[in-house]
Each structure stands twice: as C-alpha cells, then as structure tokens.
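What follows is a set of structures to go through.
The two complexes that follow have chain A in common; it is paired with chain B in the first and with chain C in the second.
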Partner chain A sequence: MMLTAAFAQPVDDAQATFRTLLSALSEPLLPRALPVFPDAPAGVSPAAAALLLTLADADTAVWLPDGLADAAAWLRFHAGCVLVSDIAVADFVYLPQRSALPDLPTLKRGSADYPDRSATLIVDVAGFDRAAGVTGSGPGFAAPRRLGIQGLAGDFWPQWTRANCAFPLGIDAFFVARDAVVGLPRTTRLEL
Partner chain B sequence: MKHSTSCKPQTGLHREGGRAATGPYSPYGEEAHSDADKASNWRYNFGYLDENTKRMLRRGLLKAVAIPGYQVPFGSREMPLPYGWGTGGIQLTASLIGRQDVLKVIDQGADDTTNAVNIRRFFGRVCGVDTTEKSADATLIQTRHRIPETPLKAGQIVVFQVPEPEPLRLLEASEVETRKLHAHQEYGLMHVKLYEDIARFGHIATSYDYPVRVNGRYLASPSPIPKFDNPKLHQSPALLLFGAGREKRLYAIPPYTDVDSLAFDDHPFEIQAWDTSCALCGSHDSYLDEIVTDDAGSRMFVCSDTDYCTSRREDAR
Partner chain C sequence: MSTIDIPTRQRWMRALALSPRAALESGLAPHLPPPDACRWLRRPQTGLVMVEARSGGSGARFNLGELSVTRASVAVGERVGHAWIGGGDARHAELAALADALLQDDARHAELMAGVIAPLEDAIAARRASASRAAAASRVEFFTMVRGE
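Up next, the complex of A and B:
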C-alpha cells in the first residue's frame, strides 16, 4: 500500500489551517476558505484531511467510521493519534459524506467542571447555501445569520439540539465542503 | 520556495492566514540561508514552540472560543523569560502567529516599554514577522493591561497577558471549589466582595481587573486592564484571547459577544473619568496616566496609549 503524503509544509500549513478554523468558530455559520489541501487517503476529503492533520496528534482520540482502512493507516502515520472504536471517548469524530450519523448525544460532552473535555465533529457536506437553511445567533453573530448546510443526515439538527441542550456541556462542529469550512460551537442558538 | 501542495481555486470567500509565496525561511531547502531583512534565528522552530505544544494550545483555543469565558487548562511550557512577564500571552501568540501576521505588542498601552520591546523583538527573532506600533495595521496585538484606544476591527486578534485568570481566587483558594462555583454559576461571593466595597467606601472601589460575565454565563477576569477598558470587551468585533502562563489557563471572548461588568441596580458600573485632558495630545476620552515630573509635586496627565497619542499629535500638526 502506498501511503499518501500529508502537509507539504507542516508548520505553515497547520498554522494557516488553524487560523481559518479559529475564525470559522469565532464567527459561526460564515463559510471561510481553507488555505491548504493536502493529499488525502481514500474516503477522506482534502479539506477534512487538513483539519485532522492540524488538530490530531498523540494526545487525541479520533473516531473514524468503518471501512476507512487507508485513512486509519494514514492518520496513524502522520498524526500518531489514537484511533478508537468507542465513539463515546473520541475527541474528534470524522463523518464523511453519506455516512450513517452516530447518536450525537452519546459523544463526549465534557463535565460541569471541565466542559472543554468534549468531542469536536468534522463533517463532510455537499455545500453551503447562504440563501436558505438554519438561522444562528449568539456569540460571534453581529446579527443573526442564515446558512444552509447541504448533505447533512436528516436527523442531524434534532440530534445536535439534544447533544447541546445542557450548556456548558456539549459538542462543537466543523463542516467542510470542497474548499470551505464552517464552524458551529455549542453556544450558537439555532432556528431550524 | 516550491509548493507541491495542490491548492484548489478559491471562491469569493474570506481567506485568512494564507501562506507567503516567498519567504526567508524554509526548514527543508537552501532558502534557509537566504538573506532575511529582519533579525531572525532559525535555529528555533517557527514561533519558538514545538508543533505538539502549538497543537495542544490550538485545540484549547478552539474549545475556549466554543465556551466563552471558561478557563481551559493547558500545559504551559518553560519560556525564555520568567512567569509574570507574559509567558501565557507569548505561548498563545506563538500558536497563532503566521508569516502574514503583523504583530503589535503593548505594555500598559505603551509600545516602547521593556516588556513590549522584548516580546516584539522575541517574535521578530523566532518568526521574522512584521511588527508595528500602529493599532490599525496590526493583525495580532499582544497586550499587557490595556486595550488600544483605536477601535478594534473585525479580523484582529488581541492576546491578553493574564497573571490570575480566576476572578474568584482571592475569595476561594481551592481550584476544586472554584471549578464547582463556575459549574453551578455560584457567583454570590463576588457580589459580596463588591458590596463590601460599597459598605466601606460608598462606591465599588475595584478599578482594574474588574470582573465580567461573558455571554451571561461564566464569570471571568478581563486581566488587569483598567475598568475604563471593560466596555470595549462588549460586542467587540475582534477576537479576544487570554493566556495565563503560570496558572496554565487560557480563555476567550469571541467577537460580538455580550460582556457585562458586574454591578448593582443602585450602584451601576462606572468607568474612570478625569477633570483634565492629555497634556500632549489634548484627548478628553482616553485613559490617562499621571506622570510625576519633578520632586516638587509637579505632575502631568498623558495618554497611556502611546500610539493613539502620537497619531493624534501627528494629525494635528
């Protein structure tokens, strides 16, 4: 098996990707252009690969759906992260397009003392549409903002709402489509 | 510098933190020895910290933004200057900074004091980034104890150096207990402290590090900024990040977030005011420092924000 390469410039590429993620999470539901697209293994989009390389390392547990053997080997080699089969202990949960949606409220949501010890979703979606979809408000919104996230599983929003019903406990998400990323922290109030 | 990375065409989206097409530094090629116009020392990794430490800080920063005002623990590293000199802020800046960034560092509002000069020179040396004294030109502002008078812009990031991130620490010494107080939103202790000020002095005497409620939930320390700067935290267009190196905590106030300074209905929050204006630029609405000018009791009041004061004087000329 040929192993796929990772970031060409690990230091700069991770930094540029992180800054994009930070601004995406700071202003939720506002699509941001990702700067770098590494070669990705089968089953993982280049954008999601950039996120995983930026955030995952030996200190994190990553959950991948079944059938991503190449991606598992690639992540083990490049990030050195722990790959877990129990989604309830994962720090990062990667959901490729059209994969079955796990039960989101069972993800790690932190504790009342340490709500930061919670999972982050990385979700591949089909695209973003600023003319339709959910409306968000709260921290990061100068005014309520609308965004359609295309290609989400049908029961994603009900499950998201249930997973984030007990602030500060909750999960956070990054949605990636082709060259763009959208952040969604647990604080965003959504009108579906 | 050659890049083999395949970059897909960009759509009309915001692009942030992009990479320089050319640069003085490459750990992989002969460009490492090219002439750099800035003081640089490439025996360090870009930004001084190793990549594992940066990733830990970056994950922490993302969770901090997701839970505004909540203190995220992180593994603070030994830095080449002592605790109390801004090691928390420096570690945050090191995990954020990229080659495109323009860095400004202030200490009590001034660009030219020891702490500010040293930190600016440090990042010039370990990153080779551009630095500036102009608040408006900076993408990244590291600050000790002030927020610039020039209004912050969307897209800017302000990094605060924090000595004590826990606003309840002087009231409750145990970290286990203060975590529980935050978990249960039990902030009565702080109200009692402010009330005791009123009972003793007739007004709330806390003048800096004035506690705030972030997004109506977490009680947070704004770092030892004067309470004059507290209103600038509310609905700020810039992202505000706080790092405490000795206490190993970081936290964030995302842009456009409600930040309320604690107060009572009959003792509302008030900021400092002066009878005089800045002796140099004449500003009536900036934070003034009192400077003693001789041993006979003469004194003058000048803006604490040197960039603001200088640009006002240049504009007036």
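Up next, the complex of A and C:
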C-alpha cells in the first residue's frame, strides 16, 4: 500500500473546486472544467479525487466500492472522513467507470423535515455529448438543455427516476469525465 | 509494516516534539535524505486543537484551552513519517516528520536512536530538572497558626 499526496494547496484548491461544483449544480447538465487536480490513488480518476477531497470531511460518510483499499486509506488520511460499508447511510457514494450500479432507491433520501440529509452520487463516466441524450428543464435552465452522458450503467435512468419519485426527498449527482464535471440535482425534470 | 512497537515510537516522537528546532536541525543534518527522495503527503499545516484536562487528574473533563499545533507527513521510500508538534514552526514539523520516517527504517534505527534521540532526551530531562530546581527554590511554606484560646 502506498499513500499518495492530495491537493498541492489543500485550502485554495478545495475552495476553487467547491466553487465549480456550486456552478455545476446551479446550471444542471452543463459541463464545466474543474480547475485543479490532486494526485489520485489507484482506482479513482483525478477528477473524482478532486470532488471527494473537496466534499468529504470528518462529518460525512463515504461509500466506496470493494477493491479500492488504497483509495480508502488515502481518503481517510487526507479528508478524515468515515468510510461506511452500508450504502444506505452514506452521504457520498463513489462509482468508478464500469462498476456495478448499486440499488439507487436504497440510498439515503433525507426526511420530510430534512430533505438535505441525503446521498450525493459521484459517478465516473466516459464523456459528455451535447448533441444527444437526456433533456433537462426546471430550476437553472433558461431553456431545456440536452446532454448525453456516455458510459452510464444501462438501468441508471430508470433507477434515478425511482430514487427521486418522492420530491423533495431524493438524491443528487455529479458526473465527472476527464477534466469536466456535470451536476444533476433532484430538481431537474428529465425527459429520457 | 515495521517491527517497531508503539511505545518506542511514542518515545522518539515525544523527544522530537519537545526539542527546540535548532537541536533537531543540527542533530539530523548528517542523516537527512536528499529533498527529491521525500514525497510530502501533507505539507506543514498549522491549526488549533482543544486541550482537555481533568480537575485533579481524575475529576470531570473540561476544556483547558486551545493550543496551536503544526502537523506534517512525509514518505521517504516506503516509510511514512508523521509529526504533530505544538506551536507554528513549519520547519520543526518537517524535521520531526522526516526523523519519524527515518527511525522506522530498521537499518538506521539504532544509530539514530543513540546519535539523535538520546541526546535530545537528555536535554529535555536537563531542562525539566533545572525548571524544577528554579520552582523549588521559590517555594513558600505556609503554616497554619493555631490561635491560643
């Protein structure tokens, strides 16, 4: 096992990434370039590593798929977060490319009093295509916007719909591909 | 990972943390690895920790006060050295982390313990003894006077 470094400037880099993530959630389905990338451990893309370092801290529970022992040690060291094996209590769920899709409706969806106490997905995908794919509208859209997200598991969208059928309860997601991030909050209405 | 037990590691980490930076600088100078052999996992960062205490050593826990602490972590080869020191001296934390990594190396452990850590511990004990002497010299004895009735 080999620990690697993280952000070169932990505070500045995490703040710059956080600002990008806010923009990504306020204009869903619009790819944005991430400003800075950390040294990532084996099995985690640099973009996903940037998101995990920015979002995870001692107050959050993170779920990683099996087989990412290096990444778990790295995240525990740099973010100080709790790593959980029960996906139903996780605040952040990381899905590398080609990993099996967990049952999304079993993720934490918040309560009626606190719908914000819910899970956020961080999904590694192959790429984005603005000419095809799902169409979104709702808060953050001046006009409906299309985006194809390549490399998602086949039953992702049906599961996403079922996980978010009880608004305001639900889950949110970030998709990352190479240097870009796309936000998808539960408020976005999707036409598949 | 290593054959070194926790109390031994605590012993050298204590010596490294409680010694002045200049003593580490001079003691470690011949042993330090070249800068390109070190991977800094965590550059020195200074923050605050809350120091808790118990009244009388066994009473209820209370917050004694905040202490500024600097921490650093470095990988030298396969060994990862950590340092947490009181105060805001980044270089002190770097030196302590490097020393922690080197001391885990069985090949150099004995030499460093005898050549670096032991003198630091002696200096800490001497400082402590002289502080105790200074305190003892200013001791005031109080007597309770019993009023004659």
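Basically, the second predicted complex is superposed on the first by the 192 of 192 C-alpha atoms of A that agree within 3 Å, B and C clash if a C-alpha of one lies under 4 Å from a C-alpha of the other, contacts with A are read in each partner's own complex, and residues count from 1 in each chain.
One rule holds for everything that comes next: contacts are C-beta pairs under 8 Å (C-beta built on N, C-alpha and C of every residue); 3 or more make two chains touch, one makes a residue touch a chain.
Here the structure is a predicted model, which is why all the values come from computation and not from measurement.
Chain B and chain C, once both complexes are superposed via chain A, fit side by side. Legend: residue contacts after superposition of the two complexes on their common chain; A:Ala14 is shown touching chain B, with no touch to chain C. In the superposition on chain A, A:Leu25 contacts chain B only, with no contact to chain C.
Of the two partner chains, chain C is the only one that A:Phe77 touches; chain B does not reach it. After overlaying the two complexes on the shared chain, residue contacts for A:Ser99 are found with neither chain B nor chain C. Using the contact criterion defined above for the overlaid structures, shared-chain residue A:Thr54 touches chain B, although it does not reach chain C. Put chain B and chain C next to each other and count what each touches on chain A; the higher total goes to B.
Of the two partner chains placed by superposition, only chain C is touched by A:Thr4; chain B is not.
Overlay on chain A (Cα): least separation between chain B and chain C is 7 Å. On chain A, the surface touched by chain B in one complex and the surface touched by chain C in the other have residues 10 in common.
Contact residues of chain C toward chain A in the complex are 39-42, 45, 73, 75, 78, 80.
Interface residues of chain B, counted against chain A in their complex, comprise 3-11, 13-20, 26-28, 45-47, 51-52, 54-56, 58-68, 70, 72-73, 95-99, 155, 157, 179-180, 182-184, 215, 217-218, 235, 237, 239, 254-258.
For chain A in complex with chain B, the touching residues are 7-23, 25-27, 30-33, 35-39, 46, 54-55, 57-60, 91, 112-116, 118, 120, 138-142, 167-168, 170, 172, 178-180, 185-187. Within the complex, the chain A residues that touch chain C are 2-6, 10, 77-78.
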